[in-house]
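Next come two complexes, and both contain chain A; in the first it sits with chain B, in the second with chain C.
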Partner chain A sequence: MEGKLYAWIIERCLPLKPDTVMEADVHNNSVPLENGSLAPVDRLRRDRSDSPTPGLVEGTEPGAGLDSAMFVHAQSFEDLTADGEQEEEEVQVQEGGDGSERGLEVEKPRAEGEEREETQGQQEEEVQPGGGRVKEEDINSEGWRSHRKHVFVLSGKNIIRSIHAEGYKVVFLRKSPLVLVGVSRTRQSERELTRELLYIYYQIISLLTLTQLTHVFQLKQNYDLRRLLAGSEHLTDNLLRLLDRDPGLLLSAVTCLPLPSSTRDTISSSLQAAKAKSLVFSILLAGSRLVTLVRKKDQVLHHMDLHLLFNLVGSSSSFREGEGWTPICLPKFNTAGFFHAHISYLEPASELCLILVSTDREDFFNLSDCKRRFLERLRRRSAYQALQEALQAPSYPVAQVGIPELRHFVYKSKSSGLYTSPEIPIPYQCEEEQERLMRLYQYLHSRMHHPTRPLRSIYRCADKENLLALVTSGFELYLCFSPLGTKALAVSTINKLLKWIRKEEDRLFILNPQTY
Partner chain B sequence: MMAERRLSSLGESPLEVEVGPRLLRVKMVLLGGSGVGKSSLALRFCKDEFKASTPTVGCAYLTQVVCLHDSTLRFEIWDTAGEEKYHSVTPLYYRGAHAALVVYDISKKESFMRAQLWLKELEKQYIPGETVVVLVGNKADLSDTRQVPLQVGYRLAESKGLLFIETSAKSGEQVSELLMTIAHRVKQSSSEVRGLIEWPEAECVGVLQGERSSLLGACCSVGS
Partner chain C sequence: MLMISPRMAAGMQEKQYTPSLLNFFIYNPKFGPREGEEEKKILFYHPSEVEKNEKIRNVGLCEAIVQFTRTFCPSKPAKSLHTQKNRQFFFEPEDNFWIVMVVRNPMVEKPNKEGKPPTIEYQEEEILDTVYGAVLQQCYSMYKLFNGTFGRAMEAGGVELLTQKLEKFFYRYLQTLHLHSCDLLDVFAGISFFPLDKMTYLKIQSFVNRVEESLRLIKYTAFLYNDQLIWSGLEQEDMRILYKYLTTSLFPRHSEPELAGRDSPLRPEVAGNLLHYGRFLTGPSNLKDPEAKFRFPRIFVNTGDSYEELHLIVYKAMSAAVCFMISASVELSREFCEQLDSLVGPQLTLLASDICEQYNINRRISGPEKEPQFKFIYFNHMNLAEKSTIHMRKTASVSLTSVHPDLMKILGDINCDFARVDEDEEIIVKAMTDYWVVGKKSDQRELYVILNQKNANLIEVNEEVKRLCATQFNNIFFLD
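Right, the complex of A and B next:
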């Protein structure tokens, strides 16, 4: 197993000469700040089914919501999450051309050569009292060094003198009062690594708020952050795992549980009816898939906040028994304050988890009652049964599409911020292969969204598979074919796939997002 | 405010259990350092199970009904997170509690120190005799690596007039005894000092929301 390790190394770094710091400043001011929701014009459901497929404009692509978007998916200026949607227009676009791209080198997960990493002076401090049950790894051990990726969270006025990193990529993310340092020997680009650090940063903020974080360091410059972060190691671990495996974090999008639209609509309206004054978002999850999301009018959730919530739910057993009630900061919404989330599974052994996000920390009983009312309504309208049935098939085999050479794909509707993807097919089912496929997509993604030379499409032949990626103003599409196919064949399947997605969009996407 | 809100949600809550002559609500809170076994104890109380667990996020709310010979108690258990980052919200849960369990891990001395801090914090909040406070030394199955002698725990509890017990959420040892003891104590101290909220079998909605609101309000403010 490819373990990941992050270590909180705080107040133990050597002084750093400023000129040795690699520039990875997140404050990229050239990207305009663009906030608010994207609200495509109202359309009737029947119009869309007639619309042609490729060359789709944003808001009419398969999977676009009918009324308004649930998510903010415009990136705020501070993000390097690499959507590049704004940049697309500004920069010269290069077409994928004639497929002359060389085969993508596939990296070995672990380099054999003994790469040494000198991080002198960084020693493990004693585990703070009250620490969680996760044992910290000895950073002097071989095992620790063999991890593909290390993330350090530094704080205070410390500066690093040098990190000798042969064969390693070192990326810094400065987010006052923290500096996050990623040391990686994967072939990920700096932007990719920075995006991962950004997720980890927001993960920390979601537990503490930026206000509290700033405050503790104002009071005490050498505050040991591990006191506050104790016990959240499993959250960061899980997040790093998701970053390796979940296309949603790469694409800034969320995927849905396939569900007949009538069932989804019933669930949404039941959730909508079970409202309370303090409620801002009601989210029903099936594992890591969204069943539905109901939000307060005018409030939109950022996909990153949603992924942080998914991560919280997915990495804790604590909501399985009883009802969870926890302060949570949604950093893309507001870094200053806590929401209070009522989190509970609909049944103890169920995959279905309900998250009710409220503004009032004393509103537990009210929200608990919302859940009860929601369940009651769901049962009365026999949607619960339908939902249970849908859970039997949380995904679909790629064979349903009817393109024999197609092994896998990821399709994102830009305006809804939702994506769909079939089951991971047999050749990629083991953990390593799945991560390799994700890294291929990640590579394509970073090429497509290159800050200065973005591409509209790209085709790559590799030993084990052929890949095609395509970005339009309406969607992003990544396809993986068997290595036997040709480029012409790959291109010719796009239309067929888009037609299929259009035909299935009712089931695969949330077309009717609701507000209270 | 708080009382009203609780009232309305409580009134509509379904009764999962057959209600005896009197169903009384007991607010119970579990306090203590991270990893001492609070959630494991809560799971034993409610389902008599033991499972692997991750640290609690925020707080978990569970309920369990305990039948005594003349009345039935509905324990509303607040299983708090031991991690420091959640400490600012913990007062929400021990305020007005009828029972507070301060838990430590007998194999970790540090957790015993932390338990003492919790006791100090509780002392600021509760009126003696109104909240049943129990010092719980958990993980009694780990007596091979014990760091806190039984007598030390006992003496601390004695000096503060608290109940004391050693349990093992893992083996289940002494867990139901603990809950029954609390049930009796809560019942006893409540009949001496103040009434528990009664949850009538029929028409609880109307009754609770109507005439009884003052009683409930009074009850909720106790100890805060």
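Right, the complex of A and C next:
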């Protein structure tokens, strides 16, 4: 694992209306789900062919949920194109509106006062790397230069998007009041790197809320953001590691622990029963895999927010020591307010982690009780045993699919926002090779989703592996074959694999998402 | 260039602007290191009307970007800067001499109601760095071909001479840059070779040898037919840029007098000389003219080592053109030109008709050409050989393509993908328009094929490309 560096430069911040209402209510999330979920369920069931073909209708692809979708899920680059220039609007917290829509009250962030004197003079327009790490490095040192990636966060008014040089790129993302800068030696495209910066931006927002961030810079334009973010470096480090490894962040999707659907349903209904007034989301994780997610009716979680929760849990071992209680902003849900998350492992040595997301910061004991009730119910109904067994096989070898020369694949159902992927096979198990495979998927993804020249499919044949990517209205599929795999094999694999996923979809996906 | 989109009704028209040249400047940061002297850094600036302070600001930005990136890799600073509105390309061809080209992104102007100013949308993903980076390098190569290096000009006459030369050259050259029609061929900057049987090739070689034997002043010779190269005594890099000059600038300016009408002013030479069709494309247009000046363009070759300055004589008979290069230290006289004309004219005329005949025979053997289902571009990095059935013809510097610009950009994307790894690769993509595009890289060769078989699958596309490789390229691509 190579180190990453951060620096923050503050130049100016966005002026905020003096009386921006802090009482943040939840965005109206009853967005019509444009995917299959609007169609009558009967038709969807009928259309769920056992031998799906690439031409199938969206919402009937393997892995598509039967009822409603769990997530608000973005088309891949929606985040980059849609809210790039709309910061001002986002800052203004929704006020007024239809009172009856207010299902939730999110706690106001307490504005960070100027409790400390500015000790460090900050020069404008000058990049000041270093910081963010326990040990600061000299930027003129060879060691500093040789890091594979550098990440800066600056602020300012500029329309520079990126700088390209031989062997590295510098990418800028404007998210007022910040400008995030990434320097990378990886061969990722400008868009891939911008996406990574966007994740880092939302990571920062999840700690501070946009309201607080804006407020801080409103009070002091040259505020040293490092002061506010001190101690959160492990979160950003872990996030960057996930971006290098986890296809979910690339695909804007989440993967599930394979589980018999009856077991999953029991767990979901146990979570559903253990509800509390303030509870918005109950999420059970096995490592980085979703076991189930139960949500308040009409409240939908964005995959980005879920990844930030995953990152929070994955970056820290402290939640293993007992029940954690932490404020967190879910920026895709609402950039203005904090939720409070009750985070605990079901057993000290277990991979199973329960996240209960609440709107009430005084509700710790209530949620602790929810967890107790959930566990009791789970044990009573013997689902716990089945879950423990499933944990023994958190993934599956690609051999189960029975296609020769197929080494690995990633399949995403667009309408459910879930993906499935087998274990990383032997040639890619070491860290470098695993990241190389991810880079290949990122490369395919980037070409397939080019903003002005998107592709239907891409086949790439080279010395080490042959790759095929396919995007239809219902799914995205990325396949990796050994160099012995022929084009004919690649073509025939698509239908075989879709058929296999259909057969296994009960186990691999969450088809019946639950609400309280 | 402006194109009106037909989608919008009259009065509410959407205007589409293609990429265009915003700025082109050359600076040397060492020339005005002190504050207040920044203007001295600027050696050339286009457009020249730009206000002084803006010039200084723009140069300053480039310096800052280059300096900033040296933090990460001192030896490999920035090559391009992407902004919302434009792309800037940086090139340091000689130590501390920077050439910067700023290209405006294509944009769409959408009219607004009730007198509001129109909305402008910049299309940020349309310009390929590889293509425009290559165009910039070509600008320098072309300058160097006719002027030598910046360094030599500095030695000879200081900043004053250099700025004069830059002004004189780029003022005209930049007008010939057609940035909206640049594509993958600019990246390759290859040479199209004329396909020839061995006998005819030997005839040409012996012709070159004979002429060089008789006219000992000649240092280098290059032989072209139909704008395609057959023989060259120059180094590859020098021939590459000379070829570009000949085919995009010199030849198009001298369309064939043989094809022009008898009374056309293009035929002054032929009228007075019935023995052959030879004529000078550079130098005097009429040897008989007592006022004729025997001055030829100077070119600079082998600038990396021996640094030679040469006279460039281009002599043409029918479709055959020969370049004779003679050391610039020699004064060329009327006698020499007459000698060359009488020696080369008749032989070249004969040779040209031989080549033409042979070419027609070969074409008959290979059967009538029918419109194939595919179009392709081929390039060989080793000998710079290039072949395109996508580009219909080249005029002054515009190359017309027969495929949609988006497909051309996909070719460019695949070319960038090949540059990612140094290994043999094949990439087959299906575009949203259902066209298939195939790219193959094998050893030093690259082949790009566009297939218009919308219902074909990957296997059929593969078969089609295999057939193409077998017939056109003798199976030099082995990847399956």
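Going forward, the second predicted complex is superposed on the first by the 387 of 516 C-alpha atoms of A that agree within 3 Å, B and C clash if a C-alpha of one lies under 4 Å from a C-alpha of the other, contacts with A are read in each partner's own complex, and residues count from 1 in each chain.
Going forward, contacts are C-beta pairs under 8 Å (C-beta built on N, C-alpha and C of every residue); 3 or more make two chains touch, one makes a residue touch a chain.
Bear in mind the structure is a predicted one, so any value in this text is a computation, not a measurement.
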Please indicate which partner A:Y168 is in contact with in the superposed arrangement: first for chain B, second for chain C, both, or neither. second
Thinking of the overlay built on chain A, is A:V491 touched by chain B (first), by chain C (second), by both, or by neither? second
What is the contact status of A:T326 with respect to chain B (first) and chain C (second): first, second, both, or neither? first
Touching A:L391, do we find chain B (first), chain C (second), both, or neither? neither
Please indicate which partner A:L455 is in contact with in the superposed arrangement: first for chain B, second for chain C, both, or neither. second
Looking at the overlay, does A:A273 come into contact with chain B only (first), chain C only (second), both, or neither? neither
Looking at A:R227, would you say it contacts chain B, chain C, both, or neither? Reply first, second, both or neither. first
Which of the two partners, first being chain B and second being chain C, lies in contact with A:L375: first, second, both, or neither? neither
In the superposed view, which residues of chain A touch chain B and also chain C? none
Over in the complex, which chain B residues touch chain A? Could you list them? 1-2, 5-6, 8-10, 12-14, 33-35, 39, 42-43, 46-47, 51-63, 77, 79, 81-86, 89, 92, 110, 113-114
Chain A contacts chain C in the complex at 127, 139, 145, 150, 159-168, 170, 183, 187, 190, 443, 447, 450-463, 486-488, 490-491
Contact residues on chain C for chain A in the complex? 65, 68-69, 71-73, 76-85, 123-126, 129, 406, 409-410, 413, 417, 420-421, 423-432, 434, 457-459, 462, 479-480
Would you tell me which residues of chain A are touching chain B in their complex? 129-133, 207-208, 227-232, 234, 312, 315-319, 321-328, 341, 343, 361-366, 368-369, 372
